[in-house]
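Here you go, one structure.
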Amino acid sequence: MTLLVLEHVGIRFGGLKALDDVSLLVAAGEIVGIMGANGAGKTTLFSLIAGHQKPGSGRILFDGRNIAGLRPDAINRRGIARTFQIVRPFRSMTVRENVMIGALFGTGTDETLAAAQIDATRILEEVGLAAEADLPAGALTLAGQKRLEIARALATRPRLLLLDEVMAGLTPTEVAAARDMIRRLHKDHALTILIIEHVMTALMELGRRIVVLHHGLKIAEGTPDEIAASPLVQEAYLGQPAA
Amino acid sequence: MTGPRASSLAIYFAAAAAMALLPFLAGTYYLGVGLALLSWIALAQSWVLLSGMTGYISLGHAMFYGLGGYLTVLTWQQWPLWISLPAAGFAAAVAALLLGWPVLRVRGPYFVILTYGLAELMKFVVIDIEAKLGKFGRLLMGAPSLETLYWIMLALALVATLATYLVRRSRFGAGLRAIRENEEAAETLGVPVVRFKLFAFAASAFIPGIVGGTMALRTAYFEPFQAFNPVVSFTIVVMAMIGGSDDAPGPILGALLLVVLQELLWVNAPELYLIILGLALIGFVLFVPDGLHGRLSRKRHGSDGRSRERPREHPA
Amino acid sequence: MADLLSTQLLFAALVTGALYGLTALGLNLVYGTMRLLNIAHGEFVMLGAFAAFWAFTLADIPPLVALPFIVLLTAAAGLAIYRGLFRGLLRNPRLAERIESNSLLLFFGLSIVLQNVAAALFTATPRALPYLDSIIRIGDLGMATDRLATLIIAASVALAIVLFLRFNLLGLAIKALIQNREATQIVGIDVEKIQRTSFALGFGLAGLAGGLVSMLGQITPFMGFPYTITAFVVIILGGLGNLGGGLIAGLLLGILETYGVALTSTNYRSILIYGVFILILVIRPQGLLGGRRIAR
C-alpha cells in the first residue's frame, strides 16, 4: 500500500531551484534512504513533507490526501513526524517532559499529563534514555539529544518518520547502536521511515531502497547495490565517470 | 511535573483569607492599598498567562487595561455593572484576538516593541476620539463604594491566580511552554501553535480589561493618558520579572514587593521609585531571570534531589 | 495650515527628515555591530539637549559652539556603558546569551532610569533655549536660522559618516562587521575596537541630535522617547543594520510626518508614526529597503 506520494514536487528560493520535479513513491513499511551532497535538497524535501514550506509546484499525497500547504502541526496530526538536523530540544524541560509534549499533541493525543508521562517513560526506555529522564534536556550529550529527537517524534505516534542526519557527529559505536535502534523501532512501531544520512554504511544497511538527489534533481533510485554501482551517482559524487 | 505540596496550598489559602478579611479590619487607606495590590496581582497573573508561558513578552498590556476602562466609562449608568465589567473583559479579549492574528507572527524583540507601539497607538486614538467628542477627562458620578470594588478585585485576583495555576499544569500550558522553548519544534510535534498563541493572548487580555474598568470606577475619573499609561505595562513586566513568571506564586510575590515599594516612595519620590524599578528590571533580567519564585523553587527541588531545572532564558 | 506645495513645508520636512536620519544612524551603528536594540537612544538625545541648555544658561556657550563637546560627552558616556556594562558582562557566556536575547528589556530599564534621574536632578519643568531665533527669507521661503543650521549640520554630518564608512579603513571595517561578524573576525580585524568605535559614534550622534534639537523645541527629561520610537521606525523601515537605508528612510519618515500632519492636524502625529511602525513590523519586517533578513 502506498503511503506517501510526491508528484513533480519543486520549490525555488529566489533564483535557485532547490528541488526540481522530484517524484517519489513510498510504500507503507519501507525504509527509504535519501542521499546526496550538501545542498542537494534533502532537508528541503523533508521541510516540504513536514509542512514547514509549501511546494512551488507538484503535489504531496499522504494516505491518498494532499497535504501540501498544511501547517506542520496539522501534518503531524495526520501521522508524519520528523527530527531536525540541528537538534532542537526544549532545553529547560526535563527529558521526560520533552517526550511528553509529543505524547500530548501528536495523533491520538493523550489528554492528561499523567497519561503522557506514562507513555513518555515507556518510549524513553525503548530509546535508551530512561536513566536521564529527569535531567534537563540541555544537559544531554549530542548523542543523547539525537535520541531525544527521535523519542519525541516517536511519541507523536507517527506512521511516517522522517529522520534527518540523526547519525551526524556520532562515533562508529554510537552509529551502530543508532542503526540497531532504528531497525528495532521500525519493527516494533510498524513505521515507514525516510532517512537522510551521510554516513554511507548505515544508510546502505538500513535502506532497502535508496534515492539520490543532486542539485535538486532526483538522479537515481534503486537498491543499495544498484546505487553503489551506478555511474551516474559516482559521477555526481566523485566528479568523473568510473573507469 | 509534581503534584501540589500541602505547604504551598496552605500559603495560597492563608493569603486569600487574609485579603478577604481586610475590609473588616482595615481603614479606608489600607483598604485602598489592598485594592491596588489585588489589581496588580490580577494584572501580573494574566500577563504571565501569555508572556511567562509563551515567552512572547508584551510591553503593551496597558492597552487592554485602558480599553476595559474606556468601555466601562462609556457605558456607565447605562449598563449595570454586572454587564459592563464582563463586557469590558470580553471587549479586551476580542481586541486581543483581532490584533493577535497579525501581531503574533512577529517574534522576539520585535514583538516587544510592537506591543508597546500598539498600546501607544491605542492611547492616541482614544485621545483623538475623546477630543472629537469634546471630552477632556470624564468624571463618573455615583461610583460604587470602595468596599464593593474591593470584593470585585479580590474575585479578579483569585480568578487570575487560579487561571495561571491551572494553565501551568494543563496540556494547554505544556504546549505554551513548548512554544516558549522552541516554537518550530513544538509545531512539528503537533502543538497547534497559532491557535494556542491566539488563545493565550486573548485570555491574557480578559482580566486586565475588567481590572481597567474597576480601577476607572475606583478613581471615578477617566483620562486616556493615565488609563493607557505605559508605566502600567512596565510595572507589570517588572513585577513578573522580580517575582517570577513561570508559575502562580511569582506575580503575587512581585506585586507585593512593588506595592510595598510604591507605598514607601511614590508620594514623596516618584522618580526614585521608577529609578529603582528600572534598576530592578536590569538586575533581575541579568542575574535572576527566573525571578524570586523561580530561584526559590529551584533551590527546593535541588535539595529534594528531584529535577534541577536550569534557569529559563527569557527570549525578549 | 501651510499650503501643501509650499517650499515652507518642504523645508520643514527636510529638517525633520535630517534629524530622524541622524538619530537612526546612531541607532543603526550600535545595532548593526552588536545586535543590541538601544531603546534608551532617545535618552541620550535628551542628555545632549540638556547639556546644550546648561552650557548656554550657565556659561553663555552657544549651542553650535558647544556641539563638539556635547558629542564628546555622549560618546564618552557610550564608551563608559560599553566598558562597564557590556564588556564585563559579555565575558560570561550565560550572561552574554541573556543580554542578546533581552537587550530590549535591559535598555528599556536603562531608559526609565535615565529619564527619572534627569527628572530628579533637573525637575520636569520644560526648558527652552532661545538661540538663532532670526529668520532668513529667500523669496517666499522663510527659514528659521536654527532650523537651517540644524539641516545643514545634520546633512553634513550624515554625509561625512557615509564617506567615512566608504573610504576610511576603520569605516569599512565597521561596515564589514555589520555585514558578517565571523568573516570580520577571521580576516584579523580588531572587532573589539570597532565595537567601541561604533558605540562611541552611535551615542555621539545621539548627543549631536540632542544639541541641535535643543535649539528647536522644549527640553524636558521625557522628551527622549519620541526620538527613540521614530529612530526605531526609521531603522526598521530602512532595514536593520542598513545604514544608508536608514538615512533614506529617515528622510521619508520626515516627509511623511510633515505632510501627514499638514493634511490632518498635529494631534495625528503620534498616530501616524505608530501606525507606520506597526504596519511595517507586521507586513514587511525587513523594511522597505532591507534585503536580507538580518535579525530573527
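Each chain carries a letter (A, B and C) given by its place in the written order, and its residues are counted from 1.
Heads up, the rule we're going with is that a contact is a pair of C-beta atoms (placed from the backbone, for glycine too) under 8 Å apart; a residue touches a chain by one contact, two chains touch by 3 or more.
Everything quoted here is computed from the prediction, not taken from an experiment.
Trainee: Can you list every chain that touches chain A and also touches chain B?
Mentor: The shared contacts of chain A and chain B amount to nothing, since no chain touches both.
Trainee: Among the chains here, which has the CA centroid at the largest distance from chain A's centroid?
Mentor: Of all the other chains, the one whose centre lies farthest from chain A is C.
Trainee: Report the chain closest to the protein's overall CA mean, measuring from each chain's own CA mean.
Mentor: B
Trainee: Please work out the Cα centroid separation of chain A and chain B, and write it as a whole number of Å.
Mentor: 42
Trainee: What is the distance in Å between the mean C-alpha positions of chain B and chain C?
Mentor: The separation of the two C-alpha centroids amounts to 33 Å.
Trainee: Centroid of chain A to centroid of chain C, CA atoms only: how many Å?
Mentor: Chain centroid spacing, chain A to chain C, equals 48 Å.
Trainee: Could you list the positions in chain A whose residues touch two or more of the other chains?
Mentor: none
Trainee: What are the residues of chain B that contact at least two other chains?
Mentor: Those would be 313.
Trainee: Can you list every residue of chain C that touches 2 or more other chains, as numbers and ranges?
Mentor: none
Trainee: How about chain A: which of its residues touch chain B in the complex?
Mentor: It comes out as residues 50, 52, 71-74, 76-77, 81-82, 84, 88-94, 97, 100-102, 104-107, 109-113, 116-117, 134-136, 138-139, 152-153, 155-156.
Trainee: Quick one: which bits of chain B touch chain C in the complex? Just the residue numbers, please.
Mentor: 57, 59, 102-103, 105-110, 112-114, 117-118, 120-121, 124-125, 127-128, 131, 234, 237, 241, 269, 271-272, 274-275, 277-282, 285-286, 289, 313-316
Trainee: Report the residues of chain B in contact with chain A in the complex, numbered from low to high.
Mentor: Per the stated touch rule, the residues are 1, 169-171, 174-175, 177-178, 181-182, 184-194, 306-313.
Trainee: Sort out for me which residues of chain C touch chain B in the complex.
Mentor: Residue positions touching the partner: 37, 39, 89, 95, 97-99, 101-106, 108-113, 115-117, 119-120, 229, 232, 267-268, 270-271, 274-275, 277-278, 281-282, 285, 295-296.
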